[in-house]
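The chains carry the letters A, B, C, D and E, assigned in the order they are written, with residues numbered from 1 in each.
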Amino acid sequence: MGAIFRDPVLFATVLGANLPFFTMAVILIFTRHNPRLSSQLSVGSIAVSAVCAISLLAKLFFAPALQYQTLWFVSGKLNIVFGYYLDPLSLLMLTIVGIIACLVQIYSLGYMAGDPGYSRYYAFQSLFAWAMMNMVIAGSMLQLFIFWEMVGLASYFLIGFYYEKWSASQAGKKAFVMNRVGDVGFFLGLILLLLGFGNLGIPELNHAASTHGLSQGLLTASALLIFCGVIGKSAQFPLLTWLPDAMEGPTPVSALLHSATMVAAGVYMFSRIFPFFSGSHDAMQFALVIGTVTMLLSSSMAMVTYDLKQVWAYSTVSQLGYMVMALASGGYFAGVFHLTTHAGFKALLFLCSGIFIHEFHTNDMRIIGKQGGRKLKIPMVCITVGALALAGVFPFSGFFSKEAILSVLAAQPNKIWFAAGLFGAVLTAYYSFRLIFHILLPMGGIEEKHHHDDHGGSSHEHEEEHHGYIFWAMAIPVMILAGVSLVLGFAEHPLEHFIMRSVNVPGELAAHGGAALQTVAHVAAEGAGHAHESGSPMLLILGVSAGLLGIFVAWLEYGRKGASRKGFLSHVPAIWKLFDLRWFMDVFYRKGLDTFMYAGLTSLFTLNDRRIIDGGIDGICIFTEGSGRLFSFLQSGMLQFNLLLMVLCAGAAVLYFVI
Amino acid sequence: MTDFMLFLPELFFILGALLFFIFSLRKTPNPAGYHRWAVVLAAAGLLVTVASSHQEGMLFFNCYRVDLFSQVFKVLMALGTIWVIFSSGELKGIDTRQHAEYYFLIFVCTLAMMMLVSSVELLTIYVSIELSSYSLYLLVPMRRGEERYFECGIKYFMIGVTASGLMLFGISLLFGVGHTTYVPQLIKVLPTVISQPAAIVGLVLALAGFFFKLAVFPFHIWAPDVYQGACNQVTTYIATVSKMAAAAMIIRFAGISGGASPAMIKLLIVLSIASMTFGNLVALIQKDIKRLLAYSSIAHAGYILIGILTLNSQGYAAAMYYAAAYLIMNYSVFMVIMKVADDGHNLQIKELAGLHKRSPLLAMTLMLGLFGLAGIPPTAGFTGKFLVFAAALGKGYLYLVIIGMVNATISLYYYLIVFKAAYLLKPVKEYPPVRVDFWTQFMSFALVIMSIYLGVFPDRFLSLTEAAARSLF
Amino acid sequence: MTAMNMAGFPILTTILMTTIVGLLVIIFIPPEKTKLIKQVSLASASLGLVLCLWLYHAYDFQKGGLQFVERVLWVKSIGIYWFNGVDGINLPMMLLTSVVLFTGVWTMWELEHRVKEFFALMFLLVAGVYGVFMSMDLFWIFVWYDVSLFPMYPLIAIWGGTRKEYGAMKLTLYLLAGSAFILPAILFLWAKGGGHTFDLFMLQKIGFTPYVQNVAFLMLYLGFGILAAVWPFHTWSPVGHVAAPTAVSMIHAGVLMKLGAYGVLRIGMTLCPQGAVYWSHLMALLGTIGIIYGAIAGLGQTDLKYVIGYSSVSHMGIVGLGLATLSVNGINGAVFQMFAHGIMTALFFSSVGFIYDRTHTKIIPELGGLSKTMPVASSFFIFAALAGIGVPLMASFWAELLVLTAAVKAFPVAGILACMGMILSALFMLRVVQRTFYGEKNPRWEHIPDVSKFLAVPRVILMSCILFFGLFPKVMLDVIQSTVIPFVTRF
Amino acid sequence: MNSLSTYLIISALLFSLGLLGILQRRNLIGMLISVELLLNAANLNFMAYNRFLAPDPVVGQVITLFVMGLAAAEAAIGLSIILALYRKMHSINIEAAQKMKG
Amino acid sequence: METSGLNTILQFAFWVTVALTVAGAAIAVFPRNILYNVLGLALALTGIAGFYLFLGSLFVALMQLLIYVGAICIAIVFAIMLSRPLHISAPPRPPVKMWLSILASAVFFVGVVSVALKTKWQCAAGHVYKASQWSVENIGNALLTRYELVFEVISLVLLVAIIGAVITAGYSRRISS
């Protein structure tokens, strides 16, 4: 215990990571009935966490990776170690998480004001922040898994926050269960590693994989299994459908979950043990395929929906696919960088959408547009900034990270991945600007009917005042994020330096981490190097033009005067339907679950229990009692019959002994 | 003088019998007075029996052996007798004019059984068993008022005399093959001639009489009707005291073969399994509680046989333990029945409804008794079963023990039904409250404590029965 | 290890006596004084809890082995000993028992119907449970085992719910049918061990032949397996739990079911290690089937208690699988899972019991939206559900981790299938939570009060237990392990 | 005539006839008569063993005598029970006594 | 002594006794008229008394006649007269019961006969057939020594039987007197 207070770094880590947990406990137990206090507590604690994270980043920016660990328990030959691993990646991620969570909580002060579950909301937010931060700095895969699950749990509560709504609770359940499916794979992978390798420490794993301390078979198998976790958490194909449904949660929750935290956790985990993954070529190849498929599929879905949040949800999935593609093709930094920038602009997009939704009480982009969405200047500007970043337009942050990814992809021997990446970029730009144009240039102009008109005088003013507080609580985080999106891209090189720096760092972890990071550096440098050498300008042009092409198509269809405001896909209803219904994946799952599980196994097993097992037992009982009735026939009351029985038995006994 | 002392318990019971014979000659009956006398006499008889329980010696030209084995059973029988007599305060089932004869016959029967357990000569054994049987033949049809149950008297008689005919025939074969009527000599002779059919058949047929007493399948057929048809007190007597004598005699007789005949053991195993299974299965469908207990007694005869058929002292000790436990728990149940049905009618199970409210103490006694019969620890019934099964497994009869345990599970069902009636069911009509006097309360507590004490602290009594079993040889 | 240690204070007997004395005192209190009866019950339960906590604290896991031994010759001729002691396997079980008893008594504070008999029977039951856990003599283990089973009948049949008499009879007969195999097996081992001792450790020194071990182990496994709800002997669990009253369900599912697994471990695996090896595939198979089957069958249930009953089947399957691995981790996990599941399921039943007391229904479609009217009660249930899913940092997660790790190693296919159970359990727990607590507020339950502070205490205690051992599994695993490591060397 | 087995066979025959009577006579007194045959068969056995095998010829005779006495007592009891049954049921047939069953 | 002639006569008498006894037993069992049965029983008992004579015990034979034929048969006749069973019409015998009883008896008969034939009967070491040992005196001796207890008990048996018979038959002494 004493060590925590002696070591400021450790103290900051422990405090920052765990303060939200205590906040949650305090809120749930004590301040449940005082929403104001609850929210203040929560925001305060997450702010402290964010500060801790930033200061850690600052303090350790040039320091070697740090590892704290303690033996949590021993069972047999199994040593379960808990600890923190502070290296550039985790510090970066910790900072991102801290900041985004903090911003979202501030935003929620406005967005959630007046909600009956205000305290509960903040309790879960704190829980989520706690789980996420601990996951990020986890020192071992098992610890990572534990908090990974906790993240899932917190997201379950947050997604299903409006539990009176059936669809919300359904979405929460779906998210949790689908995550679980992936997690089981993850879990099995961990067990496999535990049995085959005996240690789940992250540096050790990375080291062992790169120095061939692990057999190839075990490596591939466990890597594939662990990748299942990524599939689940980061909503990769085929487990991607929970994410759009998860939009049932409050918008800030979506922002939090789908920008930097929960869904990014999968990608984070991928990059966390990237050297380990890169030890297995097959696993990487598999991940690449999955990432590509996911990206294309979800982009296609985003093209047809009119729901604001759905668009961003699909977009998140597709961007995650991008990141997985990047990582899977060796672009360690590209993936992490895109994760970083994406965290910024996706949070921005969601939060802006949240303002629209809060204002217009609808998710439909067409209605928002008609009702004058563009009149809300700040969010309108910001959302455009976000969309530009998403589309990869210079100088927004998305441009840089997307370029990095494309260059990595281009370095792949098979150019199909690069083509897919480009195509994805086109689609991304298309659907994001489809949305922007819908709001900015609605069909038939704005209907001049303000929804506040029917409110009375004084209450109106009061509302305005209140509105102001609420509005600014939401607007300030948005503006901050917009600013970040603008400038973050230019931090590429320092960041790259930071992330890839550790190669030459001597230190206590050099033995473990050094080699691992060398590999990272090697692989990444190889990828990037190829890209830069092979045709940097060419790539640049291609990337930018892809984005612009998408925007142009969107403008043609939605933006220009007299545009039909119908997507080109509406000409092919079958495909529209296909996209709209998420490639029938949900239908497939639902049907499968209904027919195979509920109608099939469950009723079969229930029937088996009732009829065969219970029936058998009851049958035994009935048989026993029946044989009682049968035997009572021997006691028929007829004296001579009884005597006959007696004499026959005696006679038989006599005969038995004689013969 | 010492001879006289050895015979003291029997003499005491003869005295009691004579006293009631004199009472029976009086013109005006005095049931309450008879009861008081009977209780005092039986209590004194118990004391005398206990006092002479450690005596040993031979009487009547070696026809009569007083040893620990016989004395333990005599104490048990005296105990059972005082209990039955204690419960005879309201002897509504028997005409008041016949109370003196009732006590007379009870005393004679106990006397006969005491003589039975001490007899070591075939004719003495036969005469004793006939004397006790005749007393019971007469006690059973004494019941007043229930015409429909009268037939049980003739059934009991007919089956009894047939069984005794078989027994006599068996004894004659034993006499023929062993040339002697002394049991100790037979024990020496028989193992040498056990390969002769006459020896083993004689033994089996001779056992028939005792099987009849103990209600072992297939000589059980009287039990349900007699239990149901006799008046409650007589049923209690048959169910408790007479079983002790039968168990004792089977132990004594089964040992004669000296374990030299595997076929005989097989036969005993078959009979034991048949008794347990038949008794338990048919008991499942009973409504009349006494009839149910009759079937349960058939099953318990099977359990006792398990101990006996090991043919070693451990098994005999276990069987004795079981018999004693059976006495206690069976009497617990019957005492409750007699109290609840104090007008002497036949209790149906459903009439026990709400007993836990009408008399919590009796309900608890009933519960403990039923648990004991079902073999639920920590009652004596459980420990008895455990010991019996242990003895059987000591001989390697695993399947027999499994069958026994399955049977115990089956039996649990009907005991639970009785228990359910007492504790769960709401009475369909208003039953009169149960009057519980001080002595009944005392007896309830005593029974509960005895049952649990024997179950939890079996060591002392077990070593006693072991010593008794060793004294057999 | 089995040295005479009568000089010390007989703490174990004292723990046992807290229940028996409580029982006797209750018997002599007039039935009208319900308040006094409850107070006496709570006092004696808390005394037991305190003593068990002390015991847990005082147990020296560095030294390991059997401690606090009390050993007196009880019956000379066949070698029965009053032989009690605790080691790492039964110590957590003792603690579990005391916690569940304490919370169970507290939970039943509002009982008004035949209070005296209820608490008397409950203490009888718990006396049996304590006895089984602390005894190291086969005779006493069996005696206490039966003592603990029997009171279930009146407890369910008098105070139960749905189809109580049927459920009570079925459960009692079913469970006691199990003892029809246990007793012969015990006696069989006794007889094969020379017939002069029931002392577990003296018998352990006798090397039984493989045949004896195989036969005896199978019988013990079948007999105890019924109580542990091993598939296909699990159907009493849902039916019985549906019928039972709250505290009884708590104790039954929380503690009594563990007796089954404990018996297999304590008697079967101790005395018949080779038998355990011989039948380990069967155990693994049935355990895995139990995990999957319980979860899937639980999906279709409409009665809250049915659901929990099936979840118990699933969770006890994990215990069975853990035992089947015959490895340190597997058995560690199994024992830990027994503890964790005990606490968790007690919390489950206490929440369901509360809901049932207030709404008089436990049919899921009739409920719904309860979170609105009774948030605290709902959160208890949801917490338990999460523990049941195996969310990390709750006690059962560690247990599952250990068991599955061992299982994947020992029986890869079974282990992987068992992992699938994690998905299914999440699916069915959340389904229940959703349908019961989420959704529109149901006007029918509008005026139902939430859990009072007083009644929340036992639930909070259970919750904190789950969390504490989830956060600090070392506290328990060190203890368990101290015994398990030497234990597995014989396989 | 002087062989043991002749007597034994005769006694077996008497015994079996007695059993047959017990088993199929419906008249209760008829059954009682058959019971007497059983006892006599056993007596005959005793006497035969006495004559041919036993060391002390008194034993068998005494047994036979006592069995006679017992038989008399038994007959008295049996007949009285039968008479009582007759007074209640107005029949001495076995059918009068088969209501209790199950 | 013409032993052979006497032997022949004795032989003949023996077989006549056998025939009488078996016939008597059959009459005691088969006819449906209860009076015939009693007479048959008396005949059989007399035959058995004859066997006792053949076996050398005059005393027992006399006792047989006295107690059995004299007392028991007369008691049975009285009972028959008291219960007037003659007026009761007998329903036909069910054949199944008949055959089953015959089967049971036959099984028993076969069993017992084979016991008698299969057993190697051995004489006791001290067995010598001496008429002097069969004297009434010896019997009296035995009764008062070895069978003293039984002798006492049998009186109790008879007492029980008398009291029992009286109360069971329903004639309470207190009413009749």
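Keep this in mind: a residue touches a chain if its C-beta (ideal position, glycine included) is under 8 Å from a C-beta of that chain, and two chains touch if they have at least 3 such contacts.
Note that this is a predicted model, so its numbers are computed, not measured.
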Labels of chains that are neighbours to chain A and to chain B: C, D, E
Minimum number of chain-to-chain touching steps separating chain B from chain D: 1
Most contacted chain pair (by C-beta pair count): D-E
Nearest-to-centre chain - CA centroid comparison: C
Gap in Å, rounded to a whole number, between the CA centres of chain D and chain A: 97
Chain centre separation (chain C, chain D; CA means) in Å: 64
Between chain D and chain E, centroid-to-centroid distance (C-alpha), Å: 7
Centre-of-Cα separation between chain E and chain C, whole angstrom: 70
Residues within chain A bordering two or more other chains: 632, 635, 637, 639-640, 643-644, 647, 650, 654, 658
Residue numbers of chain C (touch at least two other chains): 173
For chain E, residues contacting two or more additional chains: 97, 100-101, 104-105, 108, 111-112, 114-116, 118, 121-122, 124, 127, 146-147, 150, 154, 157, 160-161, 164, 168
Interchain contacts (touch definition) - all pairs: A-B, A-C, A-D, A-E, B-C, B-D, B-E, D-E
Touching residues (chain side chain A, partner chain B) in the complex: 624-625, 627-629, 631-632, 634-635, 637, 639, 642-643, 645-647, 649-650, 653-654, 656-658
Chain C - residues contacting chain B, complex: 31, 74-78, 117, 139, 142-144, 146-147, 150, 153-154, 157-158, 165, 169, 172-173, 176-177, 179-181, 183-184, 187-188, 190-191, 195, 215
List of chain B residues in touch with chain D within their complex: 123, 126-127, 130, 134, 137-138, 141, 147-155, 157-158, 161-162, 165-166, 168-169, 171-173, 175-176, 179-181, 224-225, 228-229, 282, 285-286, 291
Residue ranges of chain B touching chain A (in the complex, touch as defined): 154-155, 158-159, 162-163, 166, 197, 200-201, 204-205, 208, 217-219, 221, 224-225, 263-264, 267, 278, 281-285, 410
Contact footprint of chain C on chain B as seen in their complex: 314, 317, 356, 360, 371, 376-378, 382, 386-387, 389-390, 393-394, 396, 398, 401-402, 405-406, 408-409, 412-413, 416, 419-420, 423-424, 457-459, 462-463, 466
